[in-house]
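The same chain A turns up in both complexes below, where it pairs with chain B and then with chain C.
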Partner chain A sequence: MNTPWLDIALSLDGFVAALFLVTGLNVIVVRQMLAALYLFIIHAVLLASSAIVLAVALGSIHLGWVAVITIVTKVVAVPVIVRWSAGSQVYKRREVDQVLSIPISLLAAAALALAAWMSITPLVHSISDRPFAAINLPTGLMTVFFGALTVAVRREGVAQLMGLLIMESGAFFASISIVPDLPVIAEIAAAVDVPVAALVIGLLIRNIDRLTGTTRVGLLAGLKER
Partner chain B sequence: MELTIILAIPVAAALVALASERAAKYSTLVALASVLVLSTEAAVRVSRDGIIVGLGGALTLDPLAALYLWLVSFVGFTASLYSIGYLHAREQSHAATPPRYRQYYPLFNTFIASMLAVALIADLAVIWIAIELTTLFSAFLVAYEDRTEALEAAWKYVMLTTMGALIALLGVLIVYYGVNRAGQPVTWTGLVAAAPVLPPALLKTAFVLWLIGFGTKAGLVPLHTWLPDAHSQAPASICALLSGVETSAALYMILRLYPALIRNPGIEHAGTWLLVAGLITTGTAAFLLLQVRDFKRLFAFSTVEHMGIILTASALKTSAAGMGAIYQLFGHALVKPVCFYAAGLAMLVLGTQNIDEARGLLSRSPAVGWAFMLAALAIAGTPPFVLFISEFAILRAGFTTGQFAATGLLAAFIVLAFVAILYNAGRIVFGKPGAGIPDVRLPASSLAAVGLALVPIVVFGFYLPPPFLVLMRQASMVLGGIS
Partner chain C sequence: MSDLIVKLLTNLLQVAFLLFVSPLLEGLLKRLEEMVQGKHGPSIFQVYRDIWKLFHKDEVVSSQTTWIFRFAPVISFAMPVFVVLLIPELTAFPLFFAFMGDMVAVGFLFALSGFFTALAAIDTGNPYGPVGASRTRMIGFLAEPVFMAVFFAVSFVANATIPYIVNSAWVVSWAAFLQPAHVLVIVAFLLLILADEGRIPVDSHAGKVEIAMIGHSRGLEYSGSGAALMKWAGAMKLMVLMIVFLNVLVTPWGLARDNSLVSVLIAMPLVMIKFLVFIVVLVAIEMSMAKLRLFRISEFLSAAFVICVFAMSVRLVGL
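So, the complex of A and B:
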């Protein structure tokens, strides 16, 4: 690709990466469960957008398929599967409480973003043949950390599931910049893995709700060592 | 063809179990017996002819993978035999939920298929998917008894290990990029071949992500918290699989990346991370073993201890310690099922898994009492059992090469764990049993599984068949970075 077009693609990818990061950050602190689900869908659309930008810039058919698979699995299948498996109550407007207050969660997220940046910088410097790696690798690792933080600070089962899915999107956001040509079998298997994980965790949430009357998994403490 | 069949048989058994509840138990037993025979034959072939390939290169089997494949097959077979009577007996004795064979056996078979896939698949990205599937297929096996505590354990298990797997995913894809860029196939062999030319920053970043990610699933401290919970709540047959071979699958991934670090000239002190993680894990587990109050948790913490011992041994930088690490992995996978099978039967006999309440197992049921005591002696590393050989080899290798600080600490932690395990086991096995515990008819199939699982841990303490010995030597060379 010519340099001016590459510059435009890099700028576009940078813009998408910024939105991707902000959306991931929002999932940590958003108060409504329905909003967390919508943010996850937007997050997946942004992952697909980055894949499309890279597909065009690098002329990679594989990345085009990554975009299609992301839309089908995360934007369409996962919300349907979560609704079916965890029960329709997850789509009701209700508050999600969390272990840490929102300002402390944001501070922790900032510290994690800094740690991600510092730990990935040596790797970014060693990758000279992948122009998008400097944008996607740090953004992806920060998002993986944001997802992990979401799981740690949320008490609600579905919100924790969203954290896991955000982590998965982060890992793929990073990887599309360095591995644009995964074998088809790996792409298909990874595509199937996400809905299966959502199904299994959704069914666990439903069973926990059946036995305890709540989906606030953070309150389960029967196995704590005494 | 043979490798494809090994993978296809448990998948077919899962479909049969889905279709027919009546056929589920015995079709699974027959399927896993066939897998054991084929895996043994494949392992012997690898020891004789070297790496074998199947399905157009999509499946491969090298010495380390062949050992792991055989372990999964053996533990899978004994667990299927144990399950036949155990699920029913558990329902009878403790008013647990009625056996749900149509849920249990399809998941049991697919869980085993996913672990076999970890050993057989060639492509690193697809191996990651197999690792992730081990969690997803076993989640409802952990929650099988459908109690609040079982669901809590399953929730922690799924969330923590999936989080770990997603961190590892990024590490796997970074390795994928590096090996691909070096012009090598993205397999274990390709990784070792590419290692000398990979940027050190790439390997270091990937290794840290693998250590944290797969370390969560392997139960490395401080990421081990799911492990005692899952093991205290899952049926004993599932604990045998989780503890014996599933945690080993995650450790297997870490051990397979480590040789790439050794071979890279830009990376010094590659073993330090493993040594620190290994010693912290072993030490923490040894102290936790002292305060444990549940005998299934006791065996769970000993799994954490063993994972630490294997990591520490791998980092000791001698071929003898490498051989000891492989032997420890092998011995752990064989001994741990006996522990959980005996613990499951002890729960049936005593009606509790609380160590403070469990007394007089030997007088209540001599067979289970002896099995429990032998399992405890074996897992603590007492001679003549297989783990004594491996732990002795590791400590000897460490001391003779002058690594006194690390080896001394490891020895102290092993002794502490030894004391804790045998003290607690002695309290359960001896003494006067509590009154008012109803007599239970023990399932013959479960007793047979205990007997069968005891055979290799005793025999391999004295004699290792030549194919296994060859495989272990070759596997320790793989661990040392020699392709």
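So, the complex of A and C:
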């Protein structure tokens, strides 16, 4: 790809990365479980968009497959599985409990983003022959941290599951820029894990809800032996 | 026609465009919201009729009020008119007053009118006025740091805070327009517009219960020409914020590039199209979200603040 088009592709990827980051940040702050699920769908669409931009820019058919697989598994399969397995009554609760207040969670997210950037910079410099890595690697790592923070600060099963899925999407976002030629079979194998994980955790949440009457998993800490 | 006269006429056109189009935009917004809710809604020209009717009504002013109550509608009306002279409403090239103030000055002028409106609300002795004023001030205190962060992020990304220079910085290339920091600034500014304009999820514009109102209860005591000026000022403020958002940040295209009246006249429908698209987006946001509880607004604005910090950080690291 010649330089002006590469510049535009880089800018487009940066545009998608910024939206990817904002959506990941939103998953930490959103208080409704259904809204968290919708944000995850948007997040997955943005992941697929980045894969398409990279596929066109790098001429990689494998990344085109990544985009297709992402849409099939994360945009379609995971939301259907999560809604079915966790049960519809789970989504009726309006507010998700948090360990930390939202402003403090956001400050923690900003600090984590900075930590992600500082830790990834040496790696980005060492692979300067892959121009998209400068955008995707830090964005992906920041999103992985955001997902981890979501798991840590939420006291609600479904919201924690969204955090796990966001982490996985972040890892994928980073990896497509450094390994654009992974065989399709490997991509499928990696992608199929996600709906399976969503199914298992969704069923677990359903069972917790059935046995305890709530999905506020934070309350389960009270069962610890003293 | 000399350049000087054309620029002077363009300035007058800018002000006239703001004065006469702003009620139409508010009317469109209300009509579209009602239509989405399955109602017929008022005519898009209803705001003009309301303003006309209010100007022809007698004014009732409490004997307990001071000059501030009389002065607040005038200053609220005048500020958007001043602000529109500083920002690229119809032209991409700077006009006479373009360098008299930057985006911080725009924020200051609106803060000044907000200050007088809050004082006037307290001045009336109406129990709901001070409640609305204090709530608006609370949101204002939370929004001010975010406003400053947005301005700093913009100045960091575009190397200027003069709206005409910021606007031209994005149109240099697609790469400049699509840079991540720009996108983050756009998202943060959109959140600020929703907070500052009292739109859902911060406040319900269509709310009728005084005790639940945030900003709208400040103007309940006005009648006649005072109420007309306040209503018109509200519509103009929304339009000015839309101009800053659309013509400076999001879509800096469609503006007159040369100093001729024909170009300026051609720019008018193009800017109107942008307004229409933004109104549709605003309606989509308002219809798909619920109003936040008062003490959750800090979370909404802290999200905007962190997004601004990200914008600056992303720029700092050279992305």
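Here, the second predicted complex is superposed on the first by the 219 of 226 C-alpha atoms of A that agree within 3 Å, B and C clash if a C-alpha of one lies under 4 Å from a C-alpha of the other, contacts with A are read in each partner's own complex, and residues count from 1 in each chain.
The rule we apply is simple: a residue touches a chain if its C-beta (ideal position, glycine included) is under 8 Å from a C-beta of that chain, and two chains touch if they have at least 3 such contacts.
Everything numeric here is computed off the predicted structure, so don't read it as measured data.
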Three-chain arrangement built on chain A, chain B and chain C clash or fit: fit
Touched partner set for A:Ala197, first chain B, second chain C, both or neither: first
Partner chain in contact with A:Glu168 - chain B first, chain C second, else both or neither: first
Touching partner for A:Leu182 - first (chain B), second (chain C), both, neither: first
Partner, of chain C and chain B, that touches more residues belonging to chain A: B
Chain B versus chain C as contact partner of A:Val151, first or second or both or neither: first
Partner chain in contact with A:Gly213 - chain B first, chain C second, else both or neither: neither
Chain B versus chain C as contact partner of A:Gln160, first or second or both or neither: first
Partner chain in contact with A:Ser119 - chain B first, chain C second, else both or neither: first
Which of chain B and chain C A:Gly222 touches, first, second, both or neither: first
Minimum C-alpha separation between chain B and chain C after superposing on chain A, in Å: 18
On chain A, positions contacted by chain B and by chain C: none
Complex contact set, residues of chain A against chain C: 7-8, 10-12, 14-15, 17-19, 21-22, 25-26, 29, 31, 101-103, 106-107, 109-110, 113-114, 117, 121, 134-135, 138
Residue numbers on chain B that touch chain A, as the complex places them: 58, 123, 125-126, 129, 132-133, 136, 139-140, 143, 146-149, 151-156, 158-159, 162-163, 166-167, 169-170, 173-174, 176-177, 180-181, 199-202, 204-205, 208, 229, 232-233, 293
Residues of chain A touching chain B in the complex: 119-120, 122-123, 125-127, 129-130, 140-141, 144, 147-148, 151, 157, 160, 164, 167-168, 170-171, 174-175, 178-179, 181-183, 185-186, 189-190, 193, 196-197, 200-201, 203-204, 207-208, 211-212, 217, 220-223, 226
Of all residues in chain C, those that touch chain A in their complex: 173-181, 183-184, 187, 296, 298-299, 302-303, 305-307, 309-310, 313-314, 317, 319
